[in-house]
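Each of the two complexes below includes chain A, the first together with chain B, the second together with chain C.
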Partner chain A sequence: MASPTAEYSQAQRLLLGLSLPVLALIAWELCARFMTLPSYLIAPSAIAATTWDMALSGELWRHADASLARALAGFAIGAAGGVGMGLLAGIARPVEHFYEPIVSLTYPVPKIVVLPVLVAWLGAGDASKIAVIAAGVFYPTFINALYGAKAVDRLHVWSARNMGASVVQVFFKVVLPSALPQVLAGLRIAFALSLVVVVAAEMQSSRSGLGFLIITAEDNIRFDLMYAAIIAVALAGFGGDRLLVHLRRRLLVGQMVGREGEHG
Partner chain B sequence: MALLEVRDIAKTYHRGARSVPAIDRFSITVEEGEFVSIVGPSGCGKSTFLHILGGFESPDGGTMLLNGAPIVGPGPDRGMVFQEFALFPWRSVAGNVGWALEVQRVPKAKRLAVAAKYLKLVGLTAFADVYPGELSGGMKQRAALARVLAFEPRILLMDEPFGALDAQTRELMQEELNTIWQETRKTVLFVTHDIEEAIYLSDRVIVFTTRPGRLKDEVRIELARPRRIDVKKSAEYMAYRNRIWDSLRAEVLKTREETG
Partner chain C sequence: MDSAGARRILARWYPVALVLAAWELLSRSGAVSKRLMPSLADIGVALVDALQQGDLAFHAGISLGRALAGFALATVAGVLVGVAMARSRLLEALLEPVFSFTYPVPKIALYPIFIFVFGLGSLSKVMLVFLECLYPITINAYYGMRQVQQVHVWAARNMGASERQVFRRVLLPAAAPTIFAGLRIALPISLIVVIITEIIGESRGLGYYITYASASFEYATAFAGIAAVAAIGFVLDRLLVAVRNRLIFWQRGAAFIGA
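Here is the complex of A and B:
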């Protein structure tokens, strides 16, 4: 008998998660067939057809490839800096105090607004886009790593010191694994953000990428193309997110046991 | 020469303009192989004293010598056991027990052998590959004890190690620690608020005054060893219990008056 808190099966979970998008798509498709919708709301079947054609011709891959390469490069640079500095700031007060005002001040500024400056400085190629993505990724990774490191159990550090660990060993073998759950939470946010920023950057100045595809499609009133590009962005984000969730499960085995109430 | 010689340790905490004296010129010596307990009312500074000995807090004054050498910071010559176990949740039980040897760069084969030896001693051989999150409180404390024994400290510093356990588990753990002590003859300094536990385990029981902690009383426990748990039913044991409780009672009452 199912209690209110009983775990339901994987299939039921999938069904629940898919019900809203599938119902919306069906409603949309029906409306497109039997009513007159504005031109920007093309039938999902037409969008699917265009997406399929573009995938077959290789054009969608080419743009997706360009976007992903930029997003991942910016993500890697921004996350390395954010996680590294965040962990350091979490254990060393002076480092935290050094970053605190500048982070508070610049965090709310959409990083995309500095793209023109970066273009003037680094040129209109990939470097300026990667830089703006890295800047965007820095904040959530920094803040999460900072609080992850600050929340390290004092007794864990004491035990480690008691067992003869050096300060460096405490950092890598206690602070890092302790902060890992929160670091990974930051990486998840940052990955989605890297796609947001790459698309925005490509919409402003680019000759390739999904953002470029979207803006070109809009300019040419090719809404089917626009939707195809949007779908590609969503799928890339979904794939990356699943990968990070999987990584989290693999890395946090010990921290997840005995805490069955938590999901993810 | 005694293994541990502590003279005139003092510690005062400063909270804003207020200063709270925690320990007032406390001295103690512990001989090699001796099991000494410190009992006192809660908040009397007995845990603080252990943290100072562990090298995690610094005293305002006084001297501390372990085997003749001054204590200046944390180190593996002293093995800390905490009430909250402090096991690393991301490492398996064996990973925790071998951790100290790992940071000391002992080869893996040796590490595993040492871990296996101490897991056997505390009866956790079957749980070597399990994560601490899956263990009960008593098993966690046994794992923590194995972790500390594995790096072979000169002295064990145990800070209310059974304080987080339920009454039945606590009693079993006392028996188990008694057996382990009988086998290893480690020098132990054991902080607790439980008089019965202190008498059963110790060669000597130190009574702390209420805050600031000072030496109030010292009782040598001359119950024959090895001790079985039924020693707790003996008249001798009850006499020790009454003697220490009378000493402690006045201090506990003082604490009550202070805190309302």
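Here is the complex of A and C:
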């Protein structure tokens, strides 16, 4: 739906897109310098300075490393299971029939509820966090892989079979490439989810990680530290997402159907 | 129920029965400690107990209220902002980059700030639910409105429809399936965020209830709480799909899972 007003040029769009965040930052900085804001609203310049110092001292990296290791371990386990089972269910009816009722029953359930019990089972260390992340990641990757594999054009499968391709060849040369866009869409949702869960789990019980840093900084009323950790979480989320978009572009050369650089 | 119907139900739901049976076997075999993995019967007893004492309903009501309040706020604001972004080039240029750049950022990291701004009670949780749900709802409303075919708008105008009529009779119905897809993504998120915040630190709500029960080694009670969350999540999703199918009667069949 196009409105009748004129299009903006690329430069205008960039300028307009930056205007709100930049204005908000300037207003915040000015207010912090010349007025008394609540103690938790410290100046952006002070936040930037602390973030920079912590990045240089390596403290931020240490916690970011701990969080990312947990998130990626859970992501890898959950995604391997989700994509593998999803593709299998997409090509094999009995497998789909087996998973369908289980997944549809438990899909709308927030997987984080099992965290307290997992902590009891596996201890408060990394294992319980990785397990709950893997459980959360399984669902979006499974569902997207399933629909991706189900949407494969039958004609392509038949032609490949007709020309003598084995089942394994059909899977790797026909089903996987054509399901790939959907699989990657699932991975993108799952990655965002794995970060949310790791930060939440670290806020609840942990001795390292960005979520732990946020909570302890807050408890010690070190708001600059808290913001530095929040910025690190934001950068991890944004950076990982960009990486996946880049990966998608590299993998899907020649079949970019959607809008380039589409977010959301 | 005739035997054919029973067979069909069995054919569809046997995997769930299998999983439950495996659980029961594991629990009774003694391979896993019975306290860590209580049998279904024990969980059932704990569930009935908690329901009779009324505390499960109390905590569930609080969690549900928080989730739905944030979800409702996000629905109103998200649809308004999404529609406005699709209708105005200026608003689109101002807001779209902000939304797409902050979309992959875990908003839960802001929770401590929300506690300072909105207090330790329900408001900080409702606002975090609102923020998390705002994204999928806004972006889906925006894309839904953008996807409307220009031909339909022209056809309506050509037949003398006013701006208002075009909006209400063409744009809104055409965008409705996409808007509902956004709501269906946001609804489970609202529950997730409420439970997370209640697990992190609260003295009310199901997240607290489950954490407290497992910290007191009452795992059967914890599983009863988990069952309550599962039931709420499932029923809310079914309700939303039912509303969707009533409102969008011309396009049946939201997929049972996903979509």
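To be clear about the criterion, the second predicted complex is superposed on the first by the 236 of 264 C-alpha atoms of A that agree within 3 Å, B and C clash if a C-alpha of one lies under 4 Å from a C-alpha of the other, contacts with A are read in each partner's own complex, and residues count from 1 in each chain.
The rule is simple: a contact is a pair of C-beta atoms (placed from the backbone, for glycine too) under 8 Å apart; a residue touches a chain by one contact, two chains touch by 3 or more.
Remember, predicted model here, so these are calculated numbers, not experimental data.
Participant: Of the partners chain B and chain C, which touch A:Pro38 in the superposed model: first, second, both, neither?
Facilitator: second
Participant: Quick one: classify A:Trp158 as touching chain B (first), chain C (second), both or neither.
Facilitator: A:Trp158 sits against chain B, while chain C stays out of touch.
Participant: Just to be sure I read the superposition right, which of the two partners does A:Ile47 touch: chain B = first, chain C = second, or both, or neither?
Facilitator: After superposition on chain A, A:Ile47 lies in contact with neither partner.
Participant: What is the contact status of A:Val253 with respect to chain B (first) and chain C (second): first, second, both, or neither?
Facilitator: first
Participant: A:Leu68 in the overlay: touching chain B, chain C, both, or neither? Say first, second, both or neither.
Facilitator: neither
Participant: Tell me the contact category for A:Leu20 with respect to chain B and chain C: first, second, both or neither.
Facilitator: A:Leu20 sits against chain C, while chain B stays out of touch.
Participant: With both structures placed on chain A, which of the two partners, chain B or chain C, ends up touching more residues of chain A?
Facilitator: C
Participant: Given the complex with chain A, which residues does chain C contribute to the contact?
Facilitator: 11-13, 15-16, 19, 36, 86-90, 93-113, 115-117, 135-136, 139-140, 143, 145-148, 150, 153, 171, 187-188, 191-192, 195-196, 199-200, 206-207, 210-211, 213-215, 217, 219, 222-223, 225-226, 229-230, 233-234, 236-237, 256-259
Participant: Applying the document's contact rule, which stretches of chain B touch chain A when the two form their complex?
Facilitator: Where chain B meets chain A, its residues are 54-56, 73-76, 78-80, 82, 84, 86, 88-92, 99-100, 103-104, 131-134, 147-148, 151.
Participant: Help me check something: in the complex, which residues belonging to chain A touch chain C?
Facilitator: 1-3, 5-8, 12-13, 16-21, 38, 40, 97-117, 119-121, 143-144, 146-147, 191-192, 195-196, 199-200, 203-204, 210-211, 214-215, 218, 226, 229-230, 233-234, 237-238, 240-241, 263-264
Participant: Over in the complex, which chain A residues touch chain B? Could you list them?
Facilitator: 153, 155-156, 158-166, 169, 173-174, 177-178, 180, 252-259
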